[in-house]
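The data blocks that follow each hold one structure.
Each of the next two complexes has chain A plus one more chain, namely chain B in the first and chain C in the second.
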Partner chain A sequence: MPKRLTILIAEDSPVDRMLLSTIVARQGHRVLTAADGMQAVALFEQERPQLVLMDALMPVMDGFEAARRIKQLAGDELVPIIFLTSLTENQALVGCLEAGGDDFIAKPYNPIILEAKIQAMHRLRRLQATVLAQRDLIARRNQQLLDEHRAAKAIFDKVAHAGCLNAPNIRYRQSPRALFNGDLLLAAQAPAGQMFVLLGDFTGHGLPAAIGAMPLAETFYGMAAKGHSSTDILREMNAKLKQILPVEMFCCATLLDINPLQGTLRVWNGGLPDGYLIGANGQRTPLGSRHLPLGILSAAAFDDEFEHFPLAVGDRLLLLSDGVIESRNTHDELFGERRLLALLDANSDPARLFDEIEQALLAFHGQVQDDLSLIEVSLDETLAGAPLSVPLVAHRSRPIDWSAHFELRAESLRNGNPLPLLLQLLLQVNPLRPRAGAIYTVLGELYANALEHGVLGLDSALKCDAEGFQRYYELRRERLQALAEGHIRLELSIKTHDGGGCLRIAISDSGAGFDVAHALQLQRCDQCLSGRGLHLVRQLTDGFDWQADGRGLGVEFGWAAEA
Partner chain B sequence: MTITSQLSADGRELTIAISGRFDFNAHQAFRDAYQRQGASPQRYVVDLQGATYLDSSALGMLLLLRDHAGGDEADIRLLNCNVDVRKVLSVSNFEQLFVIA
Partner chain C sequence: MSNAHLDSAVLATLQDVMESEYPVLLDTFLADSEERVRLLKQACQAAEADMLRQAAHSFKGSCSNMGATLLAELCRELEDLARREQLAQAPVLIESIEREFAIIGILFRAERQRLG
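Up next is the complex of A and B:
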């Protein structure tokens, strides 16, 4: 059904003006008339008509200028201008178009053609109005979404906190929007001195990915702080994601367990592109995907086997999300693995590598990309630093005198990690809390020694080169799997006296024992990180002794009474 | 992207053929291909001969099919993968869940 419009007619000839307004009014539209361009602009401002019929040549202000001004006043809104002209020269017609004219009609006016043009222009008007309304709606919604993302990210940051991503030996690049692109980057310092780093990439984008990231981060940080092993953390994260994610969603992830005290790196990669271990001499070891991503397999089917590599001071670890390799530039070219490998090959100074990759990405895309994540962890002396300290609880220390004995036999040695439990027990003793990190580190070293060298009879000399390293951990796994008998005994005793108190940890195992004094001498090998265990234990404790048969060690932590 | 599906004469094997980009846009069509009324095939074949590209949401769709087809008991073969497609599948270690040939 034709719509009634308000139409402005600008025509200097009174006869033509009369004729045209009669035709238009008869068609049911409301008519406004102007005798020149100036009047037309003034009337337009006053009445905001929806369509203008404009003569080109008029006194005071011609139709071209009036059309330009009206278009400007109309702004985004489409106010169609139909030029009334008997001009036939192309140049004049082009002038009409340039002034913003949308159509022409020539004299003599045919009422049917005129109405057809008016209605066509009206449809165009409505279309334009719809597009504008939708554009504004989309812009508003997008703004809302960005605001919500900002708020959600702020909440996420409170829950997940930055962990130790800001440690001096870590460099990373990840945009604040990354969370909503499904990327997740976590790093935590464990009580025993390891650093755990997780790079995750959820399938899909937006809210679902961000919501999935939340429990993952909580599990990671919560368990890392309590001293759980990387295997336990990994299994728990997989189980949690399997439980909460819909079937079609999963999380590709690489988990690094960096142990500077033992000089070991444990890597689990499920579905992410190769990461790299880069030696100080530039030698590069890819850390490839060996597993299905997190959240697909049930706990029973999940494969938690890590790969082991030796680590030395000066080594670097580089992880990247597939956004790096799969990103495309404005010419739709893929950055690709080849470009990345060329960069790695060309690098002559590992310390510059991170910058080189960033620069190459920037040069390739011409702008900063917000859907890729990149992290580099370098092994420097500071990594082995500051052990964890747990805040004191607010109650007065009372006299204490207890001891606890644990004997872990084959089945428990195979499946369990008793250390988090023991740490929680010891943290009940207030004066020990400031030294939680040191105690945990010592417990970890003693336990690993007793298990690997004592019960399993592994020779740490194997760990001297990369192959032997891998072999060592294969043997560890095999022997642990096959373990039928053997035990580790742990005795914790705590006693307070007037001047303070003392914790004694004694550990013994069913192994053949070893020459402790000899081992202490052998282990003075500075450039190799592995085998610093016993020295470290000695440094961190206030007393260190051993049984003559080398099957048992004891350490002490003492404290002075509060003033 | 086009997806066609064909049930074998004995009704026991459903072949889903995908050509073009296998990505999020294929979601509904891929679901429709295996959620046929009345059909209950025991084996599935996903023919990727014409598939030029596969993204992580396509991996998700394959997991949905696996779930639909009985989870750990599902018998699904992914056939005729080109080099790029095979690379995506192998980085994610999907050969542990599907027979890839």
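Up next is the complex of A and C:
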């Protein structure tokens, strides 16, 4: 549909000007006229016409210069300039285009052709305006998206916080935008001293992936803080994702349960590339995927079997997302597993490995990548150090005098973990809270000792090498599965007195008992992380005693009254 | 009114486009052209080839818009000469342009009379 435009006519010949303005005005447009280029530019600035008919040769300022100035004044807006010309030389016509002309019309003027050209130029104008509007819209939307991402990231950071990713023994590389690329990196220190590390990679990108990460992080941190086992945490994360994620979405993940007190590593890898356990001597054990990713299988079908490895001070754990090996550089070359393995092979100092991988990735891509995550956990003395404490709550202590007895029998030993419940119970006692970590560690050690050595009759001497280690945990699983009889009894008693109070934990089991004094003797082994349990129990408690038959142990935690 | 001097089709279009303004357009052309012929002679006498070329070019445009076919053709020849800087032949050509313009003047004035 023809539209009424404001059209500037710049033409020095009064006849042509008159003729042209009459033609253009009769076609319904508003006409402005200028007799030279200078006037044309001034009129353009003043009236902002939508289209210009420009004679090339004019006094004062010619059409070429006027066209250049008008195009500059118009900026992003398309103001079509049609040159009025009887020029026939090619060079002059090229000059018109170079000055910013969009079309020509030759004399003598044909009103029909002139109107057709005006309308064609007007369509071009509308197209340009649409493109500009869409460009601005996209820019606004993109800004909005970035703002939303920032807000979502801020919320996520509150839910997930940094966990213990900033621990001195952890190094990681992850883009701040990783959350929106589906990568998730979590690390938590459990009350009993283990460190849990989760690297997750959601299928898909953007907000859906980030939204899936929220409950995952909340479950991970919530359950880790309450003292749940890595198996329980893993099962819960899978169940939660299965419940909330659409069918086509899932989360490849590796969960590390690093227990420096026992010198064990438990690994569950569902769908992520191999991680690596790298010894101080450079020996490398791949931690490969053995499972389907999280969020696919129902709780009943889910396989929560971890692999077990011995850990020693100086060991390193390396996890990476598939962004590392599947990333492509500008030449469309794959970084690939081969390159990574070559790096690992070439490494002579494990302490430099993380830097070497980072440098290799940077060199390969020429810039930092958004969609790859890399984490290294090194087993140093700080990790094997004292467990965490839990902050005090603000209520006053009252006199306390109670005891509780628990007896867990075969079915519960197989399927349950009473420790989080017991810890929650004990945390109600305010004076115990500063020592929650120690109490949990001791409970964990005593329980593991009673279950594995007492009820299941496992010999920790098996754990002397990596093979024995695997064998030990296979046996543990088999025997636990087959367990028909057996029990563990726990007795907690708390009593306050004028000068303070005392918690006593007694544990006994149905096993054959063991020579506690002898075991304490045997376990004096510094480099080996495994089997430090009883020593640790003795260190962390204020009293440690045992029954002569070795089937029962007791520990005490005392405290002095508040000042 | 069709002959070697004027293109009647162009004039018909002009009359159609300009309606009541048509006689004014004819008057404007005649007045403007006198000025342009004067400019041609001035440039020729001053031996300003570039000025001559521009003036001829501009006059040619107006003439072709007014359907003055022969006059437009003479202007084109003058423009060519000026471009090639062969000013020696220019005075003869300018004389032809003046003669042709005189004829156009008569024809246009007759056209005005005819329209009343």
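Here is the rule we go by: the second predicted complex is superposed on the first by the 562 of 563 C-alpha atoms of A that agree within 3 Å, B and C clash if a C-alpha of one lies under 4 Å from a C-alpha of the other, contacts with A are read in each partner's own complex, and residues count from 1 in each chain.
To be clear about the criterion, a contact is a pair of C-beta atoms (placed from the backbone, for glycine too) under 8 Å apart; a residue touches a chain by one contact, two chains touch by 3 or more.
What you see is a predicted model, and the numbers here were worked out from it, not measured in a lab.
In the superposed pair of complexes, A:270 makes contact with chain B only, with no contact to chain C. By the touch criterion defined above, A:111 lies against chain C but remains apart from chain B after alignment on the C-alpha atoms of chain A. In the superposition on chain A, A:204 contacts chain B only, with no contact to chain C. Using the contact criterion defined above for the overlaid structures, shared-chain residue A:22 touches chain C, although it does not reach chain B.
In the superposed pair of complexes, A:57 makes contact with chain C only, with no contact to chain B. Judged by the touch definition given at the top, the superposed model places A:250 against chain B, while chain C stays out of reach. After overlaying the two complexes on the shared chain, residue contacts for A:293 are found with chain B alone; chain C is out of touch.
Shared contact residues of chain A, touching chain B in one structure and chain C in the other, are absent. Residues of chain A that touch chain C in their complex: 12-16, 18-19, 22-23, 26, 55, 57, 84, 86-87, 107-111.
Considering their complex, residues 56-57, 59-61, 63-64, 67, 72, 91-94, 96-97 of chain B touch chain A. Across the complex, chain A is touched by residues 10, 13-14, 17-18, 21, 24-25, 28-29, 32-33, 54, 57-58, 60-62, 64-67 of chain C. Chain A contributes residues 203-204, 247-250, 252, 270-273, 289-293, 296, 301 to its touches with chain B in the complex.
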